[in-house]
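This is the structure, below, for whatever I ask next.
Lettered A, B, C and D in written order, each chain numbered from 1.
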Amino acid sequence: MLAEFLQYLFTGITIGATYALIALGFTLIYNASHVINFAQGEFLMIGGMATVSLTAMGVPMVFAVVLAVILAGVLGIALQRFAIAPAKQADVVTLIIITIGASIFIRGIAQMVWGKQYHVMQNFSTNEPIQVFGAVLNSQSLWVLGVGAVMVVALVLFFTKTLIGKAILATSMNKEAARLVGIRTQMVLMLAFMVSALLGSVAGIVVAPITFTSYDIGIILGLKGFVAAAIGGLGSGVGAVVGGLTLGIVEAMTAGYISSDYKDAVAFSMILLVLFFMPRGLFGAKVVERV
Amino acid sequence: MLKTMMRRAGKCAVVAVAGLMMMSAQAAEPIKIGSFLSVTGPASFLGDPELKTLEMYVEKINEEGGVLGRPLELIHYDDVGNASSARNFASRLIRSDQVDIIVGGSTTGATMAAVPLMEQAQVPFISLAGAVVITTPVKKWVFKTPQSDRMAAERILADMKDRGITKIGLISGTDGFGSSGRTQTLEVAEQMGMEVVADETYSGSDTDMTAQLTNIRNTKGVEAVLNFGFGQGPAIVTRNYAQLGIELPFYQSHGVASDSFLELAGSAAEGLRLPASPLLVPDSLPEDDPQKDVVQNYKSEYEARWDAKVSTFGAYAYDGLMLAVRAIEEAGSTDPEAVREALENIEGYVGVTGEFNMSPDDHNGLTADSFRILEVQNGNWKLID
Amino acid sequence: MTALVEVKGLDKAFGGVHAVEGVSFAVEAGQVYSVIGPNGAGKTTLFNLITGLYIPTKGEVLLNGESTAKLEPNQLAERGMCRTFQQMQICMNMTAIENVMLGRHLQLRSSLFTTLFRLPSLRRNEIAARKRAADLMEYVGCGDYLDAEASAMSYGALKRLEIARALAAEPKVILLDEPAAGLNATETAALEELIRKIAAQGITVMLVEHDMKLVMGISDRLLVLNYGRVLAEGIPEEIRQNPDVIAAYLGG
Amino acid sequence: MLNRFMQSRLRGLMVLALILIILPAFLGNPFHYELVIQMAIIAATVVGLNLLVGFAGQISLGHAGFFGLGAYFTGIATGTYGWSSVPALVVGAIAVGIIAWVVGRPILRLKGHYLSMATLAVGFIIAIILNNERAITGGPDGMPVPALDLFGWELSTFGQYSLFGLDISGVQAWYILVSVVLLLAVWFAQNLIESPIGRALRSVKGSEVAASVVGVDTAKYKSLVFVISAIYASIMGGLYAHFQGFITPAVASFEFSILFITMVVLGGMGSTLGVILGAVVLKLLPQVLADFQELETVMFGLILMLTMIFMPKGLLPTITAIVSKRMRKKAGGEA
């Protein structure tokens, strides 16, 4: 009984941590620019695929990871600079379509460069699973959780302790005011996209040994990240983490205890339920409309 | 370079270069072979080798003088694994390109979406997809080259029975391949007096199947586990299976019968069995095996041309094209009814997938025996029987 | 006779901060009733409470003797209450005249069937509504914009357009939230004239306004808010001489 | 003035009718007819979606769910239970309308991205159900759908018919049918938009607060337009099923929902003819790009992105704005 439960929990937390990292990426960009970036999943894909192909070319793992993350970061900046920034006045839906176009474009390039096959990435440490009260835990799960935790702490420090982080926060709260006090909002927006891309690519790298990686892995994981962000409440960092973990755990528990057929349906019903009672997600800011 | 250019340009119309060499072919109109395949998208691991095979052998046949003295022209579209675009491209092939025969349909969904059109337009159609519904009940104009999933289920369960297994745990994908395979397995198990005691599914995009496997492990009486699915899902299942330390005999379906599966699953695949065509183990076939030559030739030609590992899915296209050619030759024309009849009466064609014996009641022509049971040993396929 | 609008012990808190606290007053039909007070005194919040956009923390509002506690803004509109906004709410995706015709919404009930087939009755009603809207636009003084897109109009014209829209609904009481804000002297004078005309039609006018000259000139009664509380209430003469009011205004 | 008003109102419809009448002259073979027929079916669907997105400003990322439900209802009713097509389409539309009303009431309270999320979830749930209920829907491999029968007429794309003494092929008959349906869809949409109901809808997009204080029951109108657009989708889904002859759960998929909303945005939100153009462009693009093989995806993404960046208002509104600016300049120059 306990072993079973633990097993589902491990599965849920691992995948949930991935969702959380993606959701954080959504949150970051949403906060800075109020854009829902449907290309978020592609950062994840770039991270995993670039690392795999670089190591295959003989680049040592550590350098491969660093290069992949940098590549994703550059891509994030490019996305903001060339796709989002020129469309300042666009409608919310129009921006969504632009990011969808961007994600199709990135995916197409990746498919041309890296092909359509799935690729394997080795576990960072041992392949031997760890036994905990009869449940087994993939050692890579610990990496996912550990790296996830480090990223969250780093983000918190970034936003509370660094000037750049504070500038992003200020811009998200009031763009005009931020500009008036001398913050270069365009820079800040690019930065937000970059950090978000870094987050995504790191998630893509740590999770790749568990999920494999391919040019199209970003579609569904990106979508799940959006779901997680919405459950938690768009724009809330805590919400993104809680939303991601909740989604992962609910999926695993449903697959384990209820029906694997309807696992995804249950996850989506959960969103409806959450939004039904809390129209702005679990931790979403309560906004009073000014009229 | 030129080759890749050619592939990219146009509809991949590999029209005869052989025209100059063959006097008769010079004047002759090409025979149009239409194809719609899932070259990109989630089923690209099927469509990609299939297209490569078709391109390569159409070229080869043209170099050797074509069919009935006429060159072949391959007209191909990519349906991205989407059934409605498959249907639309099938319609384009029939109505706009006016092809003589169609060899294509990587997935069952794509095939079935095109079937009503083929039946109405009366165009011979050789499908490359697996599900038993494609040719059962028999449809006048529809044939197929892969063994059906039903045969795979029969073959797997028979092998289990030989090992004294009667209670199995089943885990399948929710995609077309997995869910049709699941249905067939449930039916076959009942006929063979075996019991499916656990029945789990996962969706194509899932990244962890530990929860489902835990359920199967905890089900009382499971003696072996069968995973029916294709794509990366079965590789994840295999790895999760190993991580959970499940000791029971493990079976996969023919959906993952390729070397890339071994790469993905790694050492976790050790000891698992699956039914496959002998293409994966050409060298371990006995000398007197009728398939030995054709299998070895296809493998070496494909690998030389594309610098990529051969897969059993490409072989479906090989057999499809060869059956089409043979039928046209026997019919002596491209008259659809004549070609259809010739197809229906093909007997003793030894292909890469197996030996085909078509009949009006059987538009597949293969038996479950054409599947060989392979086991993964030391990271390689090993022929069991 | 009961008051048209009666406010009883109204209270609204935003996360512990009381924007409006214990406010009570009554407006008789036909009056011009103004709410004044320094910035942040809670005037707009009060209007939002009265028109059902906010739900009060405590207290209630009676319209024609009926409690409005459970009524949505649109239900209040059905009962004859209409308003304009400090931050204008114009539908920029529509033409000017359509904005005013929107105000006729309650008078233009037509079934889905009639609409889909555009039956003659609908066409007749539309023509009449358009005529009425055009008249109202002339009435409030933006007749020049009959064919214009709302997005092409000037600020002052939009302010008047909003009033026209409210009037199109044939309200019993109209609430104007800072109608003179951002207007120049000439425009303000025109506005004062307009408010007088509206009041002369027998429509009760409630007004939030900063322009003292305007307010004192046209109001029958005044309510002075400070920090969400009632500082004073009465006719203009009383308010002018109220020492608390003077202190609040001079001190603030 | 009134005359001009009437003229401008029906001008778009007449242009569309004219195009549909002339078009067959340019259709070389039955496949071209098929493409146009599909375009028309999809176009009518997005005309309905545009009522919701373009006019009422409520984003739906799950509209294919209703399209799929309509398609499957028709498929199952006619295929499995032997109904005739017209009742299947009508009952399907009613059923889908009720479903839309039931799910619409709670989720339409949501705003912005939360509404997108909720509609996305509804679409996904529908697709998952269609995928999983094998016994009824045939599962992921899909199900065949019989040919459309119109009051005893069986309309197969391979048939031969005679209409008023004229011999027409099956695809031509279909072409006439969907042309009429599309024109009706546009006519209904325009009638709706230019009515008190339509104004109420547009005001919900323009300013929900303004709408509510003049008496518009915004919740009611949001539900109404949600249901209407779902009914559009359901009927067109049913026709699509008949036309295709075979449906898979992909008709209800997220990708399809995204395609619909992209057609609306690309063509021009709030422009009925615009979204039809959007449907035509996005339906044609894959056929054109099919020749580019591996570059297809890249080019599709690039075209989508660039169009939206440089024409954020959509194709048709941008084009008309440019044209009318030119004409004004010309007129100004002459005067």
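Odds and ends about this structure:
Just so it is clear, a contact is a pair of C-beta atoms (placed from the backbone, for glycine too) under 8 Å apart; a residue touches a chain by one contact, two chains touch by 3 or more.
Heads up on the chains, UniProt names are A, D = Branched-chain amino acid ABC transporter permease; B = ABC transporter substrate-binding protein; C = ABC transporter ATP-binding protein.
Every value quoted in this text rests on a predicted model; they were computed, and no experiment measured them.
Common neighbours of chain B and chain D, listed by label, are A. More contacting C-beta pairs link the chains of A-D than the other of the two pairs A-D and A-B. Chain centroids computed from C-alpha atoms place D closest to the centre of all protein C-alpha atoms shown. When each chain is reduced to the average of its Cα atoms, C sits farthest from chain D.
Centroids of chain A and chain D (each the mean of its C-alpha atoms) stand 33 Å apart. Centre-to-centre separation between chain A and chain B, using Cα means, comes to 37 Å. In terms of their C-alpha centroids, the spacing between chain A and chain C amounts to 47 Å.
Computed from the mean C-alpha positions, the centre of chain B lies at a distance of 73 Å from the centre of chain C.
Residue positions of chain C touching 2 or more other chains, listed in rising order: 53, 85, 89.
Within chain B, contacts with two or more other chains are made by residues 40, 174.
Within chain A, the positions touching two or more other chains are listed as 111, 261, 264, 289, 291. Those residues of chain A that touch chain B in the complex are listed here as 4, 7-8, 10-12, 14-15, 18, 111, 116-118, 120, 127, 129, 136, 138, 207, 210-212, 214, 216, 219-221, 252-253, 255-256, 260-261, 263-264. Contacts from chain A toward chain D in the complex involve residues 30, 36, 83, 86-87, 89-94, 96-98, 100-109, 111-112, 223, 226-227, 230, 234, 261-262, 264-265, 268-269, 271-272, 275-276, 279-281, 289, 291.
Those residues of chain D that touch chain A in the shared complex are 53, 59, 106-107, 109-114, 116-118, 121-122, 124-125, 128-129, 132, 209, 254, 258, 261-262, 264-266, 269, 294-306, 308-310, 312.
Residues 51, 53, 72-74, 76-78, 82-83, 85, 89-94, 98, 101-106, 108-110, 112, 115-118, 122, 125-127, 129, 165-166, 168-169 of chain C are the ones that touch chain D when the two sit in their complex. Every residue of chain D that touches chain B in the complex is listed here, in rising order: 28-32, 34-35, 38, 131-132, 134, 139-142, 144, 156-158, 244-248, 250-251, 286-287, 290-297.
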